[in-house]
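Take a look at the structures below.
Below are two complexes that have subunit A in common, paired first with subunit B and then with subunit C.
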Partner chain A sequence: MNIVVCLKQVPGTTQVKINPQTNTLIRQDIKNIVNPFDTYALEEGVRLKERYGGKVTAISMGPPQAEGMLREAIAAGADQTILLSDRAFAGADTLATAYTLAQAIKKIEGYDLVICGRQTIDGDTGQVGPELAEELGLPFIAYVNKIEETTTGQMRIQRMIEEGHELIETPLPAVISVVKEINVPRLPSLRGIIKAKDAIIPVWTAHNLGVDPSMVGLDGSATRVVKIFFPERVRHGEKLQGDLEDQVASLIEKLRKSRVI
Partner chain B sequence: MGIKVDLDKCTGCSICVSVCPFAIIEMIDDKAQIQEGCTLCGACQEACSYEAILIEVTTETPTPNNGHHGIWVFAEQRDGRLKNVDYELLAKGRELADTLKTDLSAVCFGHNVSEIDQLVAYGADKVYLINNPALVANQEDLYTSELTRLIQEYRPEILLAGATSLGRSFIPRVAAVLRTGLTADCTGLDIDTEKRLLLQTRPTFGGNIMATIICQTRRPQMATVRPRVFKKNTPNNNRQGQIIKVDFKKEAVTSRTKLLSFIEDITEKVKLEDADIIVSGGRGLGKPENFKLIEELGGVLGAAIGSSRPPVDEGWVAYSHQVGQTGKTVGPKLYVACGISGAVQHLAGISTSEIIIAINKDPDAPIFEIATYGIVGDLFQVVPMIIKKLKSE
Partner chain C sequence: MEYLLNEQQKLVKNLARKIAEERILPVRADLDEREEFPWAIMKDLADSDLFRIFVPEEYEGLGGGCLDLCLIVEELSRVCSGVAVTYAASALGSFAIRQFGTEEQKKKYLPDIAAGKRLTAFALTEASAGTDATALRTTAEKVAGGYVLNGTKQFITNGGEAEIYTVIALTDKTKGPRGASAFLVDKGTPGFSFGKKEKKLGIRASATIELIFRDCFIPEVNIVGREGMGFIQTLHTLDWSRPGIGAQAVGVAQGALEAAVDYARQRVQFGHPIIALPAVQTILADMAIQVEAARALVYAVARTVDSGAKKITEESAMAKVFSSDVAMEVTTKAVQIFGGAGYMRDFPVEKMMRDAKITQIYEGANEMLRITIAAELRKRRGRRE
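This part shows the complex of A and B:
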């Protein structure tokens, strides 16, 4: 199986803290990490390769430093990588991102499956996967939590939706997005780390890709961020006083008064 | 296209460094330097008193509404029943349509969907309905091609859909075919009346930052909206509206994927999204058996059962109970958080709850900052006390 995995480098969310006095970001220790959901996508790609043979191509669109993340992908089992990096790609929304990724994926010969993470932790949209599928003209299945079986040109998978689980059959090639329930990503092997050290990470620019400049980056984006602000946290909290019995009694009284119970 | 610092104008005041939400501006030799990762959000440009920051954008021709008019709400159904989020979107859509002095339509795909006229009672002027047995189950391939076809034919200027599993999965595909903008998971919608633009506000960075997004030149402007963010109106059964039956050309579209089976999650007795009262448990419960305590309190209150992420990860409770950024958004009248610390990713799912109660033994837990009433104490003491008291009354 020839598998493509889409990875994005993101700032580590849990470290994004806001200084309540100045309402600004606390800058120290913001490290770039692989989007956590994409590590499951990569692991699943590597597992499929181990089961059915083939190769895994890790692809990312991002600034030059995303190279380090792709090196880690090799250590974790990817066979080859592609970095799409060009100032012209900056400021891309999901539409322009999906278009750019699709143009690159189309150049990969005979791929059977594209795996994305369920969503990024910076953009948080989960839109790139389905938009990419449409750009490639392929079926799309979101929230995959298990790949049951793959046969020539076909795959049976399970996915998680709000109401429960669906078992779905799809022809290949297809695009899927995976949830964290699908696997437990492995740690890089020693062999992988050595391989990653010497790996060549090809960088494709807008020119290499031969893309229409009006379709990529900020110019190719349909949406624009016009304002960024920090959410106001409503702090009307009241800690109840007295011993626990009293607190419980007063809580129930308050709830009865406001007629919620 | 791009962002530049005019080094002659830059005084090295560092204001831009502190306002950059992405923390990618650095002072080098007393001049601001913008590093990789800029999203061109403009926060620095706005804050700079010296007009030293320049953002170049290829100017696009404004107001391209050319023939696009009206607001559409995609009304999702499951098993022939409309979802609550449909009505919430109609309430907001009605408000936006009145501001824009245009009409509001609902679009529904399904087979023998009951209470279709309720879409009118809740605010729609028109309902486009495709009624066909092939649409009994949610078929995303068919939904994508049919919604795209209808939008191309009727040209609405705005389309709203619920940010449900279905909406988040197929609406982006429609946007990609139409090559238009889509904003995910909005929690606020407004109109810039002068430019006739939809102002779409949504949390990013797991709720740490809010962003307002526009789609300037392409149509329709599309957004998915979190359930339970907007309040539905009281239905008016005397409202007049038109139900337009649209033909489904089954021969023209086929689904490539096939739904083989569906296993419903039956542990969810009361639907979280629709619940008026939710009792949630977190890692503070310590072990799977203790979830029974949450269920007991839930039983007494007639509540749905929620969870933070750790109990789901540990397998104490099914994923369908997870509340938060990667779980469900809820908006009950009463949310009781037991042994939950209140991480932003959890809070992202509960912020529209009317009353939040926190029971946590750590007085510094962030949940107390947003809780209406907090009890600092051991949940294994407090919860049984509440149950006893409620039962005795």
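This part shows the complex of A and C:
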């Protein structure tokens, strides 16, 4: 099986700060990690390769430092990687991201399956997977928690729905997004890390891809981030006065009034 | 402290720590309580290539040295010594193959050992032969095409779980130690069975068991080196592996030190965290000094081993004796700092104290090793070295 796994580098913390002028994330001083859901996508790709043979290509669109993450992907079992990196890609929304990823994936010969994470922990939209499928003209199955069986051109998968599971058969190639229930990602291996150290991480630019410049980056984005802000926390705290007995009495009174007790 | 580790050494140390914290920490209390062999963790170590470290590259290993092994053992032991010794015993049990084995033996066994598919064990001790290894009774009688083993080994780490055993037996009873030879015995060989599994004070995740040989035929090709070399091979094996026991001791002491500092920072008595008490500070400082000194000695000795030095008996005994005494003292102090809580199984330090004790006993009891060191001192002065 020829498998493509989409990985995104995200800030390794939920305590992200936002630049009030530009409304963008302040990415300095934050250690970047691979989007946690994408580690399950990679692991599943590697497991499928181990079961059926073939190769795993890890692909990411991001700044040059995403190279480190792709090296880790090699240590974790990816055979090759592609980094899509170009100033022209900056500021992409999910539409432009999916378009750019799709143009790159189209250049990978004879792929059978594209695996994404269910969503990222920064952008958090979960839209790139389905949009990617749309761009590629392929079926999309979200929230996959088990790949039952793969035969030539066909795959049986289980996906999570609100009240249970759905068993789906899909022709290949297809795009899927996976949930964390699907596997336990392996630890890196020494041989993998050593291999990753010497690996060459090809970088594809807008020029290499031959993409329409008006379709990528900020220009290719259908949406604009107008403002990013933390919801203001309004606290309705009240300090009870008096000695302990007064406080207890007034507390009980308040609880009664609000029908808590 | 800057120990000038190279890239590979930093890599293995970090990887071993990651595995210890992510995979061992959540289950260590349970493994201890149930005396369960840590198969799942052995698989993790295998998948991460850590068994490859002590196997040469020609046999699918990564050709690491004694220091690489010590770093891994230390990191594993910092979280659980029972797991650490299970891993280390496979390095011990395969040493004879690596060092004295024939090309066929290496090709047959080492790739599987490197892949962690098969664990190994080293079997010397018998009921009558502990510190006095010359009192061995297990015999290997020469017959057509091989040898027949008879006897019982006791207290063998990884026994029952390992697939490959290096067994020391007498090929010539009249010659004493010079009549001992080493054999490679596969699990499942007819006449080879397992006896009692010991219930232990500490390192309870590890397996310690009796090996029983009843007319057990071993083909000629499974003798390691020549007949009569078994005792010398054993001395070499233990010289090489004792720094690893030192590392195990440093690891458990480090774990106890960290736990003690964390606890002292958050336990409040008389209105302050107890770490504010001079008496507690003194204990913690002494613990830290001892752990660091032991680590420095273990690393220095491991580097001496890796330098290819021929005579390492004295140094490797020092690394083991000093560190194991430190481990016992430091873990005991950690329990003291925890007070009553330290005595309870809800906290990790009582386990560390139980785990530390073994390092003073196995691979040569410390009393015997001190005698060995003294003997070397005498010899060296005699030679005016």
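One rule holds in what follows: the second predicted complex is superposed on the first by the 219 of 261 C-alpha atoms of A that agree within 3 Å, B and C clash if a C-alpha of one lies under 4 Å from a C-alpha of the other, contacts with A are read in each partner's own complex, and residues count from 1 in each chain.
Heads up, the rule we're going with is that a contact is a pair of C-beta atoms (placed from the backbone, for glycine too) under 8 Å apart; a residue touches a chain by one contact, two chains touch by 3 or more.
None of these values were measured; they are calculated from a predicted model.
Legend: residue contacts after superposition of the two complexes on their common chain; A:Lys257 is shown touching neither subunit B nor subunit C.
Applying the stated contact rule after C-alpha superposition, one finds that A:Leu187 touches subunit C and leaves subunit B untouched. Looking at the shared chain after the overlay, A:Lys31 reaches neither subunit B nor subunit C. Of the two partner chains placed around the shared chain by superposition, subunit B is the only one that A:Glu166 touches, whereas subunit C remains out of contact. By the document's definition of touching, of the two partners only subunit B reaches A:Gly126; subunit C does not.
Residues 11-12, 15, 18-19, 22-23, 44, 47-50, 52-53, 62 of subunit C touch subunit A in their complex. The touching residues of subunit A, counted against subunit C in their complex, run 186-194. Against subunit B, the residues of subunit A that register as touching in their complex are 11, 13, 16-18, 22, 24-25, 27, 30, 63-65, 87-88, 90-91, 93-95, 98, 118-119, 121-127, 129-131, 133-135, 139-143, 156, 160-171, 174, 181, 217-219, 221-231, 233-240, 244-245, 247-249, 251-252, 254-255, 258, 260-261. If you check the complex, the residues on subunit B that touch subunit A are 1-2, 18-23, 36-43, 57-58, 78, 140-141, 144, 164-166, 168-170, 172-173, 175-177, 179-185, 199, 202-218, 256-265, 273, 276-277, 301, 319-320, 325-326, 328, 333-334, 354-355, 357-358, 363, 368-377, 381-382, 385-386, 389-390, 393.
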